[in-house]
Structure formats: structure tokens, C-alpha cells
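After this come two complexes, each holding subunit A, first together with subunit B and then together with subunit C.
Up next is the complex of A and B:
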């Protein structure tokens, strides 16, 4: 891909992270009742509405988590690629291949976690 | 050699120049902070995907496990993570994420020509026209929101500001 297209992709995924990340932060950090800490409320496994498991069980919230995973993986790997290219002064194929491999693993592993938690009852 | 004509010492030299913005302007500081925050948050993201994977039993589990097994795996991971070192680390991540987000929006606006100053002849010792008053305001907004995110995260994880 051309550098211009990669930067456009970087900006689009950045805005995606802003949207999906806001939902993720809101469900974890903004819905707790300000009593105790979030370890005792939203970061509990189950049994209250905004605990971890009910968030994953909800299909829309799980889909938004997948959107966040996809956008963050692309944004992070492309960001690291551009910083490494700045440092060594050139785009290197082995660096890009390594970052694609790490990104693919994160996507597969993260999607597995979302799907398992979504089906857990 | 890492690339044609680019040696390891050259990479370290570039890194040294990149990470020492002290005698340059505010725009250079924003450049360095954007890259440092990007790298740290990317590393956190990788760790976060691995850590949330442990919540349902780790890399050996590829089907839906028993509820009690997943609950036990979750509780064990929480026991590991629920300590002040990780809490402070997460608050720093909150600071870096807020900074990277708002500063990133500033960069997108600048890239597409919004909020830039009028083009003019470069004058010695004067700030670059690309870093206009609006751009500087957004940069300071990113710092302010980052500090707020740091304090909010600390409070929600460790109950620092509440009785």
C-alpha cells in the first residue's frame, strides 16, 4: 500500500477507536455507582448489569468490542510501522511482515475471547 | 546494517534526536509525546489482549468452557492484577490514551488544512505558522484532559479522592 493510503487508514481507524473506545471506556469506567472501586463493581465477573460478562454477552456491545479490536490492531501496528520507518529511514519488508503477523495473532486471539465470553452462560 | 546506508549507530542517533525536544518548540514536544504515547499504548494493547484472554482460561482454551472454570480463571487473573503497581500503571495508560487521542485529532485537523495559521514567510525565532493559536489550544486541551483521565482512573481504581 502507498504511504498516503496507509495514513488515511490510520486516521479512519483512529476515529473508529474514538467511537468504539468511548463505548468500552463508558461500560467499564463510567457506569459504576461511585461507591467503592471499579474492582468491586464493573470489574466483577458477573451478577450486576455492567460487570464484565454481561457486557460481553450483549451482542451489540460484543460487536463494538470487535470493532475496537479491529481498529486498534490496525492503528497500533501501522503506527509502530511508521515510527520504525522514521527511525531506520526506510520501509523494511521484514518489519512489516512481523507487524502483520503480530496483528493477525491479536485479531484471532481477541476475537476468540469475545466469542467465548459472549457464549458463556 | 539495518538498511542501505543506515547503521545501528544512525538509528540510535535518530532516536536521541527524536527524544530530546527540550530546545525546540511546543510542536516538537507534541511530536515526541504522540510517538512515545503511541508506542506505550500499543504495548499495553498487546498486553491487554493477552490478559483478557486469560480471563476465560488462557491460550489453551478454544471452545466455550464451563461457567465455573471461567469464573475461577477470572478471579485468579483479577487477584494478580489487583495491586497498586498495576493500578498506577493503568492510570498512566489513561493519561497517555487521552493525550494521544486529542493530540491525534489535532494532527488530523492539521493534515486536512483545518485550524492552520495563514501562510507567511518564515521568520527567525518566531513560532511556525502551522502551530497556530487553535492548534496550541488543542494541544493544551489534550494535556488537561490527560491529567483529568489520570486522576479519574486513579480514583476509580484506588479510591484516592473519596472517603
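Up next is the complex of A and C:
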């Protein structure tokens, strides 16, 4: 992949994070009036599986969550690629391979979580 | 009126190894004296072993780049009294191999310029060898790159660049700016080749737009702007 295509992807995923991230935060915070107190639903993380999951049993929101996962993973791995190169002062092939592997793992694991949350599997 | 100002000068001799030391010298300063005048005074009167590079003494040749109180500047272009300090620290530029004292090896800058083919690329080699006409340009065409031709290759921007500091393979502000200078020139035919060269991991994308290159340029050139314009060119392909 050309560097310019990667960077274009970096900018697009950055905007994606902003859009999908906003949807995600809005969903989490705006749904609490219908679910009980904010503490019970969103801020008490141990209650999240019970309180917030029903909200995501909605194909559109699940898709937006997947969008957030995709954008964050691509943006973060590409960002780490240049941060690490600048930190160690050189570009290393094994670092980039490792980042692709970590990114792939995050995508698979995140997708699995979204599917479980949506009771699709 | 003569004032006495203390110069704290970085000294380095390769044969000694190590990281270099700072030596202090007291210099009598008159109005109008530059940092370069101060360094020449030290060399002529206090310590003849001090090495400093200069030539024109009028901000034209670009050979006297140093860091004065941690800011990149031309020694011949900086008046001592205007700094309003009793102690002035003079150090060599960063991001270059050090030769001796304040003298740096500019080879990385010129090597990168060469790698980016920073010259006019044209197909009509015969016309260039035996010119029969002028390459005319309109005023607008000239203005697209004019400010970038003011560069005197002093290398201060390259020294001030924080990305070159941490990632030495980055082409750096001056070579990229010069690549844009030719890219934007209507007489040049190397646009495709040059955008391909800058569209590398070490190329335009590593710039964090810190802006220190443009801030230190003694000629008012804006390499940070050139890099952003070059990014646009690289995206267009």
C-alpha cells in the first residue's frame, strides 16, 4: 500500500472515530433515562452488560460500534507505526508486522464482542 | 560604549572523543557587533583553537548557522546587544554530525536534496545543452514558488526540526521545501517522479507541523507550508 493511501485512510478513520465515537457516547449517555439512573446504567461498569446491552440490540447501533472498532484499530495501529519509528529512530519490519497482527486480533475480538452483545451468536 | 558579555561556547574535538564541553570567554561588545564578530574576537584574541565556519558575513552564504541561547540562527545576522543577555550560549546546529566545535557536517542535508532530485527536470536535454530560446513564465507562475527560492541552504530549519531529531531518516524541511520549489515551477517536468519520491515513509507524511523550521528561517521562507503543499501534491499523485 502506498504511503499516501495509508495516510488518507488515517485521516478518514480519524473522522470516523469522531463520528462513530460521538454516536457511541451519545447512545450510552442518552439512553440512561429509559434504563434507570446514570449510575446504574452507564457509569457502574459491572452493570453494563445488563443495562447497556439491550440498547445495542439494534442493527444500526451495532454497525456504528463496528465502525468505531474498525476506525480506532486502523487509526491506532497506523499512528503507532510512526510513533514507534520516531521513538526508536528507525523503521522496523517486525514492528509493522506485529502491529498488523495486533490490529487483526483486536478486530476479530471486538467483532466477536459486538456480535455477542447483539445476541447474534 | 563597550559592554562586557560572557560567551559560553560549545567546544568539541573529535580526537578527544566524549561529548564536548562548554568554555566561557569574556568579550568586549560594541553596538552593531554580531555573534560572529564575537566568535572571531575570541578566535583572534582569546583562543585560536576555536573553529567556526563563515564566509560572507552578511546573511547570504548560509555557512555560519549556530544555536544561540538554544535557538537556531545565523551568527552573522544576530546582534549581540539585541539579545539583552550578559551570558550568551553558542552551540553547533543539531541533527548534523559534528566536525569540530561549532562546525557541522552538512552532508545529510545535501544527500537528501539529491535523493529528492531538487533540480529542474526536463525532457528537452538538447535545448538545455544548446539553448535557442528563453523559458518564459507569467508572474503568477513565478509567485507559486518565488518565496522558496530565497533559501540560502543554511540548514537552520533542518537543525530545528524535532522530527529529524528523533527520526533521522526523515527528509527534513529544507530538502522537502526545495522539492516543492521545483514541483511548483511551471518549467519543471518532474512532478510525477518527485511526488513519488516524497510519498515515502521518510517523506512528507512524517512532518508533525511543529513549525520550528519556519520560525527559525532567517530568510522568511516557510518550509512548513511547502511540506503541506507537497502533501496535497502527493495526494493528487
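Heads up, the rule we're going with is that the second predicted complex is superposed on the first by the 101 of 121 C-alpha atoms of A that agree within 3 Å, B and C clash if a C-alpha of one lies under 4 Å from a C-alpha of the other, contacts with A are read in each partner's own complex, and residues count from 1 in each chain.
Note that contacts are C-beta pairs under 8 Å (C-beta built on N, C-alpha and C of every residue); 3 or more make two chains touch, one makes a residue touch a chain.
These numbers come from a predicted model, not from an experiment.
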**OP:** Considering only touches as defined above, state whether A:14 meets subunit B (first), subunit C (second), both or neither.
**Re:** first
**OP:** Report the partner of subunit A that touches more of its residues: subunit B or subunit C.
**Re:** B
Original post:
Of the two partner chains, subunit B (first) and subunit C (second), which one does A:3 touch, if any: first, second, both, or neither?
Top reply: second
**OP:** Check whether A:72 is in contact with subunit B, with subunit C, with both or with neither, and answer first, second, both or neither.
**Re:** first
Original post:
When the two structures are overlaid on chain A, which partner does A:89 contact: first (subunit B), second (subunit C), both, or neither?
Top reply: both
Subject >> Touched partner set for A:110, first subunit B, second subunit C, both or neither >> reply: first
Subject >> Touching partner for A:102 - first (subunit B), second (subunit C), both, neither >> reply: first
Original post:
Following superposition on chain A, which residues of subunit A contact subunit B and also contact subunit C?
Top reply: 7, 86-87, 89-90
Subject >> Complex contact set, residues of subunit A against subunit C >> reply: 2-4, 7-8, 82, 85-87, 89-91
Subject >> Residue ranges of subunit B in contact with subunit A within the complex >> reply: 2-6, 10-11, 14-15, 18, 35, 38-39, 41-42, 45-46, 49-50, 52-53, 55-56, 59, 61-65, 67, 70-71, 74-75, 78, 82, 97, 101, 104-105, 108, 111, 152-153, 156-159, 162
**OP:** Would you pull the subunit A residues touching subunit B in the complex into a rising list?
**Re:** 7, 11, 14-15, 17-18, 21, 29, 32, 34, 36-39, 43, 45-46, 52, 69, 72-73, 76-77, 79-80, 83, 86-90, 92, 102, 106, 109-110, 112-113, 116-117, 119-121
**OP:** Under the touch definition given earlier, write down the residues of subunit C that touch subunit A in their complex.
**Re:** 163, 166-169, 199-203, 205-206, 234-235, 237
